[in-house]
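Each of the next two complexes has chain A plus one more chain, namely chain B in the first and chain C in the second.
Up next, the complex of A and B:
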């Protein structure tokens, strides 16, 4: 009896498009540039296209905020080895700081968002510093506690507007600024991170995930590198939070909602861990999906769970890894 | 030859719970020598290295590097002042090509000061230096070996990669934790000249080893450990004839 084996081979165009030969013809160039250009142009045109469906325009912004959080989760989990469920904490810190700068100190929007982002990143890093020696699930548990802790503190001490939150933040100048501020930042962070992880510093950070003992033996402080990585991740999260508080013109306890920790993680699972782009694609699927499922009321959680379970069981590699493989390689059956 | 004592270990003791892993172990090492540490399994060799390089804090005792007390320092600080080590269980950065593995030590603050990485600021520079170091350590530059994923390298090359990671730091002392174990005879034959070369460059080597024949060819002095205690020290031919050492390896005659 003949046994068959599935074989994967790189597509000819992939081989031809490597190195300098990429510029040999339009076809090769399209092969390389097509998907990223489609993504960039598609995302940028999204607000214009959705003029037809105004309800969905608001969803774009939320989608991008979740995309940023997913990006930061993917970076920390798959490049640094820290499973960080502190997305909600980053958002909350960014949101509240932005509210403080804007409402209490009367800074304009274009100052309060960047300031909240930078200060927030440092505050989050500082507060997470004691847990940095933890690894894996322990780090996840501690970071999950932080947003819960923050809400209780605000509630109990009745500071920062207490349970009502801080109201009366300035909105962004107009609708298009609102859309493009977050869309461009998302694209910027995506490509910045993709570059960063292949820089020398990025390699050192990836080294921490692979083998932190060897990094220590190479004379580099692992804690410092982890703090640096958390700072970058918190930067993205805090920007999302600061932006969102201005979008809603309100900053309250729901900024620390668990959704901001969980949905990014689910997005990374669906999109494909370690690809960075997958994180964004994942949240671009999950967030609109949860909007659609809103019609089903509380039943939506069931559908959501079924979907996630299905993905984890049947396509655990994620959409992005699968798509990349199909794009670059073809499969055929061969005799063994 | 100068008899400068570069590393002095005095009375190191370490217990894990009730187990005495090391009991009052001490030795001095002069600059440029090859010092072997032998002993049966579980005799405390790796624990000793861990204590010296800061991965474990000893319960008592002192480690002096060039007359400076470095006991209980953080591992990265000890590596920074020039004490490098390999690991018994090789774990290269699997997801990276072999030469990219050296980016980590070349990025470290020490490499910037010792000229392991000669700088320039251009992104490509570290890559060039990394391939140079790998060539020194026996990776053929023109082959594909330096560019292969670290996880796909054969054991011999992974061991060399561990050494290369140390060499990239331009250290003064290298602790080699069983670099010969798991290698074939021909692979070991390829490693020996490397050890000789490092020695000729003035690097002090401290080698933990089970392959005694190979070790004795390169080691100037040898120390034997058993149950965490130092049982013999001196020239290899003397140590191997020591009654206690024989007993440790082969068991005592009266049962």
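Up next, the complex of A and C:
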């Protein structure tokens, strides 16, 4: 029997579109610009399209919050090499801070969200500082503990509203501001991060993951780089939290819930780790799914975990890498 | 006196919780975030056997539950972890996801509220130096010490145990001597999960079987392991005494709510001062960048 093998070849249009001459033809330009434009325009038009289904309009906001969290997880895990098992901690810190600013100190919304984001990022970085000079599982362990502990401490000391949470936050001015604040921030962070990881600083940060000895030998402090990266990731998480507390006009213990840790993780693995865009696509798939499965309660977490483990074991490249391959290349069987 | 006696009991309890985790980490180099889930699973299986099948003997139920947990542990390694071995990020995510799936699955499956309890082995209590201690706690101390002794003997005077230690010390050298690395990892996960189950059987009669206990056990196990030095057994026992007494002292002078906070502070102080833990000499260079 003659043996066959699968051959993968770049599509002609990809090769043609790789040089400057791409701008001389609409087809090549569409090939290059089509997918990103479709994503951007699609996401921006989403609130308008979903006028038809008002129930799902709320989901857009939550979807984008999760997308931000997934982006921060993807950045930390696949570019810095730190596995953050407690994305919920970032959300909780951001949410509670903006509640404090808004309710206790009477700052308006447009001041409390940015302030909470920046302060939250610094607080999270400071609290995670002890485990940053170390390699290995310590970061995962400490981030796993913080959200669980934060709930216990708030419950036990009965501070910050105790189990009831802080109520009475100002809402965002109107529905469209609410949608577009988060959608534009998500798109901004997506492209900012994609650019960032290819800058000089980004290269050093990737060096921390791949070869920290080399980074150290170049006279750059690994700990400082890691702290910087954690600060950026926490920034995204805290923004999500601060936004969400204003969206619900409430900040409570469920800000530290497991969902905020596990769904971003699952969306990164499903979407394709290390692509950044994959993280967003993953959460755009998973969050509506979770909305459909609302009746199942905590069984949803079981589903995510099963999906997560399945993808890690059998399809670790994720949707995004798979789709990119199909888009750029074609496959055929050839004789050996 | 009360502080000393309950401190010792609490320390033994903590080290029982942590033993399985540290064993798995030292041999398979996998942080088993499913530890707490396996702990609760054992308790739940025992409860089902005892309450759904009337007249089922308690010792047999315990044996079956521990065996099932050990098999689950081995299967987790054989079918999932073996495929992501060496990829640290995937290992952590996979074990964490499995643990969460088990715990939240149990919660969904009806494990809520205070209706799930295991009977103590022997009820009643005794006066010890003027402090009343119930028999179950005394039994925990006794069995705990026997378990440590058995583990010591197993790892020092048994072929399988020696192979486990060999892999833990130097994987390549051990493989050159014909020790199968994957097989020992499966065995270590089975034993580690079995130990988690064993601890569950001993400790769960003191309280209710609830999902939150799973998370607590995981956190305490991790705290003890980090402070003692990840993968060091002597360190684990010493660290559990440190945390155990610290917890009892805070409970006596402050309030019970601070138990978790004590564990976290202990971890952070350890990471700041001596990241490799009390006894973690050999890995010191590797962990500091």
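Note that the second predicted complex is superposed on the first by the 311 of 336 C-alpha atoms of A that agree within 3 Å, B and C clash if a C-alpha of one lies under 4 Å from a C-alpha of the other, contacts with A are read in each partner's own complex, and residues count from 1 in each chain.
One rule holds for everything that comes next: contacts are C-beta pairs under 8 Å (C-beta built on N, C-alpha and C of every residue); 3 or more make two chains touch, one makes a residue touch a chain.
Keep in mind that what you see is a predicted model, and the values were worked out from it rather than measured.
**Student:** What is the contact status of A:133 with respect to chain B (first) and chain C (second): first, second, both, or neither?
**Tutor:** In the superposed model, A:133 contacts chain C only, not chain B.
**Student:** Would you sort A:204 into first (chain B), second (chain C), both or neither based on which partner it touches?
**Tutor:** After superposing on A, A:204 lies in contact with chain B but is clear of chain C.
**Student:** Counting touched residues of chain A, say whether chain B or chain C comes out ahead.
**Tutor:** Result: the larger residue contact count on chain A belongs to C.
**Student:** Answer with first, second, both or neither: which of chain B and chain C does A:312 touch in the superposed model?
**Tutor:** Only chain C is touched by A:312; chain B is not.
**Student:** Now for A:174: first (chain B), second (chain C), both, or neither, which partner does it touch?
**Tutor:** neither
**Student:** Per the contact definition in the header, classify A:295: touching chain B only (first), chain C only (second), both, or neither.
**Tutor:** Touch partners of A:295: none, neither chain B nor chain C.
**Student:** Could you say whether A:220 touches chain B, chain C, both of them, or neither, answering first, second, both or neither?
**Tutor:** first
**Student:** Would you tell me the residues on chain A in contact with chain B in one complex that are also in contact with chain C in the other?
**Tutor:** In chain A, residues 213, 216, 222 are touched by chain B and also by chain C.
**Student:** Which chain A residues qualify as touching chain B in the complex?
**Tutor:** Of all residues in chain A, those touching chain B are 199-201, 203-204, 206-207, 210-211, 213-222.
**Student:** Under the touch definition given earlier, write down the residues of chain C that touch chain A in their complex.
**Tutor:** 31, 33, 79-80, 83-84, 88-90, 92-94, 96-98, 100-101, 104-105, 107-108, 215, 218-219, 222-223, 226, 230, 255, 257-258, 260-261, 263-264, 267-268, 271-272, 275, 286-289
**Student:** Name, in rising order, each residue of chain B that touches chain A in their complex.
**Tutor:** Within the complex, chain B touches chain A at residues 53, 55, 74-77, 79-80, 84-85, 87, 91-96, 100, 103-111, 123, 126, 165-166, 168-169.
**Student:** Which residues, counting only chain A, touch chain C once they are in their complex?
**Tutor:** Per the touch definition, chain A meets chain C at residues 77-78, 81, 83, 85, 130-131, 133-138, 140-142, 144-146, 148-149, 152-153, 155-157, 212-213, 216, 222-223, 258, 262, 265-266, 269, 273, 296-299, 301-302, 304-306, 308-309, 312-313, 316.
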